[in-house]
Amino acid sequence: MSDQPDTATEPNPLEEYAAGIAERLGAEGSSAEFDTVRVDVARDKWVETINEARKELPFFSWLSAIDWSKDTDVGEGVANPDELEERFEVMCRLSSVENGDGAIFFTTLSKDDASIGSLTATIGGAEWHEREAHEMFGINFDGNKNLVPLYLPDDFLGNPLLKSYPLIAREVKPWPGDVDVEGLPETDEEGDAS
Amino acid sequence: MSKDISFPFLGLFKGMGLTFKTMIKKAPVTMYPQEQEIPVPRARGVISLDTEACTVCMLCARECPDWCIYIEGHKEAQVPDKPGGRVKTKSELDRFDIDYSLCMYCGICVEVCPFDALFWSPEYEYSEPKIADLLHNKEKLGEWLETVPEPPALES
Amino acid sequence: MTSREMMHRSEVAVSVELETPDMTLNIGPQHPSTHGVLRLVAKVDGERITEVEPVIGYMHRGYEKLSEVRTYAQITTLVNRIDWVSGFANEVPFILGVEKLMDIEAPERAQWIRLILSELFRISSHLVFMSSYPLELGATTPLMHVLREREYILELIEGVTGGRFHPNFNRVGGVKPNYGGGSQTKKQSMDLPAGFFKSTLEAMDRMDQICDDIDTLVTGNELIKARTVDVGIIPGDKAIEYGLSGPNLRASGVAYDLRKVENYLPYDQVEFDVISRTGGDCYDRYLVRLDEIRESVKILRQAIDIIPAGPLQVKVPRILKVPVGQVYSRAENPKGEFGYYIVSEGGKMPYRLKIRSTSFSNLTILPWVLKDQLIPDLVAIMGSLDFVLGDVDR
Amino acid sequence: MNFWLELAIKTVLMLVVVLTASLVTIYTELKAGSHMQARIGPYYAGGRWGWAQPLADGAKFLQKEDLAPAKADRTVYGYAPWVVMMSTLAIFAVIPMGPDLVATKLDLGAYFLLAISSLSVLGILMAGWSSANKYSLIGGLRAAAQLIAYELPLVLAVVAVVVQAGTMSLNGIVEAQQATLFTVGGVEIALPFLLTGQIIGFGIFMIAAVAELSRIPFDMPIAESELTMGYLTEYSGIRFTMFFLGEYASMVGLSAIATTLYLGGYAVPFLPESMENFAGPGIFFTKVAVLVFIIIWIRFTWPRLREDQLQWMAWRWLIPLALFNIALVSVFKVVF
């Protein structure tokens, strides 16, 4: 049903759309694989680009972040960890209310000074999204008047969605799946392949 | 009259007519302890275990998202069918517990079991005063086996 | 002239002289009309709320962290528990996102079964709203009548999937094909049970009947109109700015329905129209949901005739490894736009899963819309936004 | 018999009548109300139809612990239910169920009724303020505003009846309704006040009565979905039973007043004099039952109003209408 980009040569309409938005807003780059339009924005021009883009895509869908880091204490790591540069990626999705198109704006923050301008001046709804990103990743949104934790209790230490933050529930209880069938009493051959 | 209370009050009395009609009709209520509703054949009530079919392959315990299946087994040498043939080992099930206080009835274990050992049965009356009793052992799971219904006929 | 302006003049006169300080009223996590565990710290001057600060997080289960340690099959069982009133509709965008990443497409019949189940869950979710909203305004009878009819919808869902609230019927590449993985159960397919179409048509007639009952009991009722007309008006641009979606957006004059715009399921082969009103007050939000039940009934009646025969699932490897890539897929959940941003690094588990839940954004407008309202209006407005706390807290 | 003995018998008799009447009302509300909502209602308590459910509830409440919040003002908290209960039971002292089946034949019957029924506002305010709970405070304030706002239409409606009947004593009012208006073919026709020009008065009285009882559509003081039971939030045990019984007793009381004033009390047009003392209570209680059923029926169909709409309705709509009604009735009184 969705128009998959079948061959690289035939220009997929989403690619043109993404390129169009990128140079209209003076963004750095754009791509559109898997039907998701992605526009990369410079960090210092984040607030102006989003406000500019809202003229065309007014609907503020959501704002969140990704933590790219090598030492993943939780879940599977990155595909090729050696050439991954550790960074945060803040993403904000805007979409239009007439047709189906929309775009996700990305910007990268380095791990040590993770702070970025806040959108709450023009978008009222962004406050909660930013508060959530702040408490989950530790990204600081200067300009957001009340950056108090949204979900977590006030005295909560640490930012849970970081890859380095352990999932305690999984540490406390041993995994029932890694119990093996013991070998025959006299022959101590290895249990079947787990 | 302020704008938000519209006039005349016909709507109110139509509503009263409906409640009066419902009062006269018989209430569609099944009195639970006496009359019991027969659940739909595919209803996911409880998981039943066929201990012969289980070959202790641990797949269900690994796939379970809630980690609520606990299995222990051991290997046993089996008499070779041909004299002098290779001694085959068969793994025997010692313990197969499902902790229904953790289970979220998702059915991944039933689906992932390659040897048809786990089945859904629509039985729902197994609540316990103590939560520890919700840990059903191998025999209890076996008991549920005969309550497993035939799957329903399919739409043409 | 709404009651607010009228009260305002007399109140301003009084409060200017008396300078009475505001009382902080804690509409706490345990409160009959907060749809779950939401706490509102409201500064109250008499009955009028001067400022509201919602406190959420009591239901925070950390789905995004949990999904980083689960395989894709396990996540689908987890994900229909976010907005527990519309279970199946939460799974659809996630599964479509994964299918886009793996560049596979569900067979025709599976897509139609997904459409039918999403619409059944839309009716069930809107019926829950129809029963709880009049209860908040004080009328206890619609609750009983509506839930009695909703049983028929849940019966249908349980007949097909086995679960009433958490169907767990979606698989990557289609719908649950058969009972189990073993040889013996391979043959027993999980297709629609016999008599499903007939009982669905009967259920749809019951739905029409209950919609008319709701009309007589609630829509026509002048007291309900008195409590909801011109109460909690949200203009279109404010709704867009705060990211309201679904019936809340369509009641503010913006006719935007993902089913028409984003063809994620064969909605283009069924004709239905997008219900939208311009008032933006509680009464319009209520009416939009009532008409949407009728639309879903229309869709289901057509879908039953069109559904083709065919396989239920495309061949998918047992251990699912999703190629590297990022995708955002969204769907029209009964409460609004529900989307997933899946970042996959080629493993069995997603590297990052951002869940765009509808009620979270629908709730961001609460402090703005509840300013200067009376306490009974607070109950009416919160009820009309129809949010579920599991959806808000993820 | 000396006075004290007679007084004791009358109070015991009246208590028995009132309590059974309110228990029957509670049962009808549970049973009829649940059937209106397509469910069964009480089923197991006391045999097949669950008739003993009110008694079971009463026993349950009695054995419940009678808590009082720590910061509550203990004495005021304690006496609030007594004040409400007293003012409700006192109504029955004057209501005639037969020509001489009445506790006291007061000449100022109507005046006494109105004075007593406005006492319950005090009890509710005491309960609301003393339970040291913000929700009870708001509930109490709402109740005070509402009961005072609806006291006026009630009084003005009764004034209209007194004007038409020419006397304040309730027995007199009932006899006034028995007076023959006109004779058709030798048969005297006497119509209750409801049919002779008091329709507006009856409407105002019923609306004001439902508001006095603070029942849906005027149940803001006990708005479950907003104030979690309003001024009753902190009450439990025997005190809650008193409020609970008080509410149903005042429901029967106000319907009894409405029957006496508007529906011709214990009299039915073609009832011979001698029979009145026997058939009186039967007729009286069927009329009360009809009115009580209507109040229950309203509760299970309509939602609740906002209290500023409620005040709007009282001051801007009911009171002018009541004044106009008095003027109308007095004009008719003079002309005919």
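Chains: A, B, C and D, in written order; residue numbering restarts at 1 for each.
The working rule: contacts are C-beta pairs under 8 Å (C-beta built on N, C-alpha and C of every residue); 3 or more make two chains touch, one makes a residue touch a chain.
What you see is a predicted model, and the numbers here were worked out from it, not measured in a lab.
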item: Of C-D and B-D, pair with higher C-beta contact tally; value: C-D
item: Relative to chain A, chain with the most remote C-alpha centre; value: D
item: Geometric centre distance via CA averages, chain D-chain A, whole Å; value: 64
item: Where chain B and chain D are represented by their mean Cα positions, the distance between them in whole Å; value: 54
item: Averaged-CA centre spacing for the pair chain D and chain C, given as whole angstrom; value: 44
item: Separation of chain A from chain B, taking each centre as the mean of its C-alpha atoms, in whole Å; value: 37
item: Sites on chain A at which at least two other chains make contact; value: none
item: Contacts with 2+ other chains: residues of chain B; value: 2, 4-5, 12, 15, 18-19, 22, 28, 63
item: In chain D, residues with contacts to at least two other chains; value: 36-39, 300-302, 309, 312
item: Pairwise chain contacts under the document criterion; value: A-B, A-C, B-C, B-D, C-D
item: Residue ranges of chain C touching chain D (in the complex, touch as defined); value: 3, 6-7, 23, 25-26, 31-33, 47, 134-141, 143-145, 148, 217, 221, 223-224, 226-227, 374-377, 379
item: Residue ranges of chain A touching chain C (in the complex, touch as defined); value: 1-2, 4, 33-36, 38, 58-62, 64, 66-67, 74-79, 91, 93, 97-100, 104, 122-125, 127-129, 136, 149-153, 160-161, 163, 165, 167, 170
item: Residue numbers on chain A that touch chain B, as the complex places them; value: 173, 175-184, 191-192, 194
item: Contact set on chain D toward chain C in their complex; value: 36-39, 134, 138, 216-217, 219-220, 223-228, 300-309, 312
item: Interface residues, chain D side, partner chain B - complex; value: 32, 34-40, 43, 297-298, 300-302, 309, 312-313, 316-317
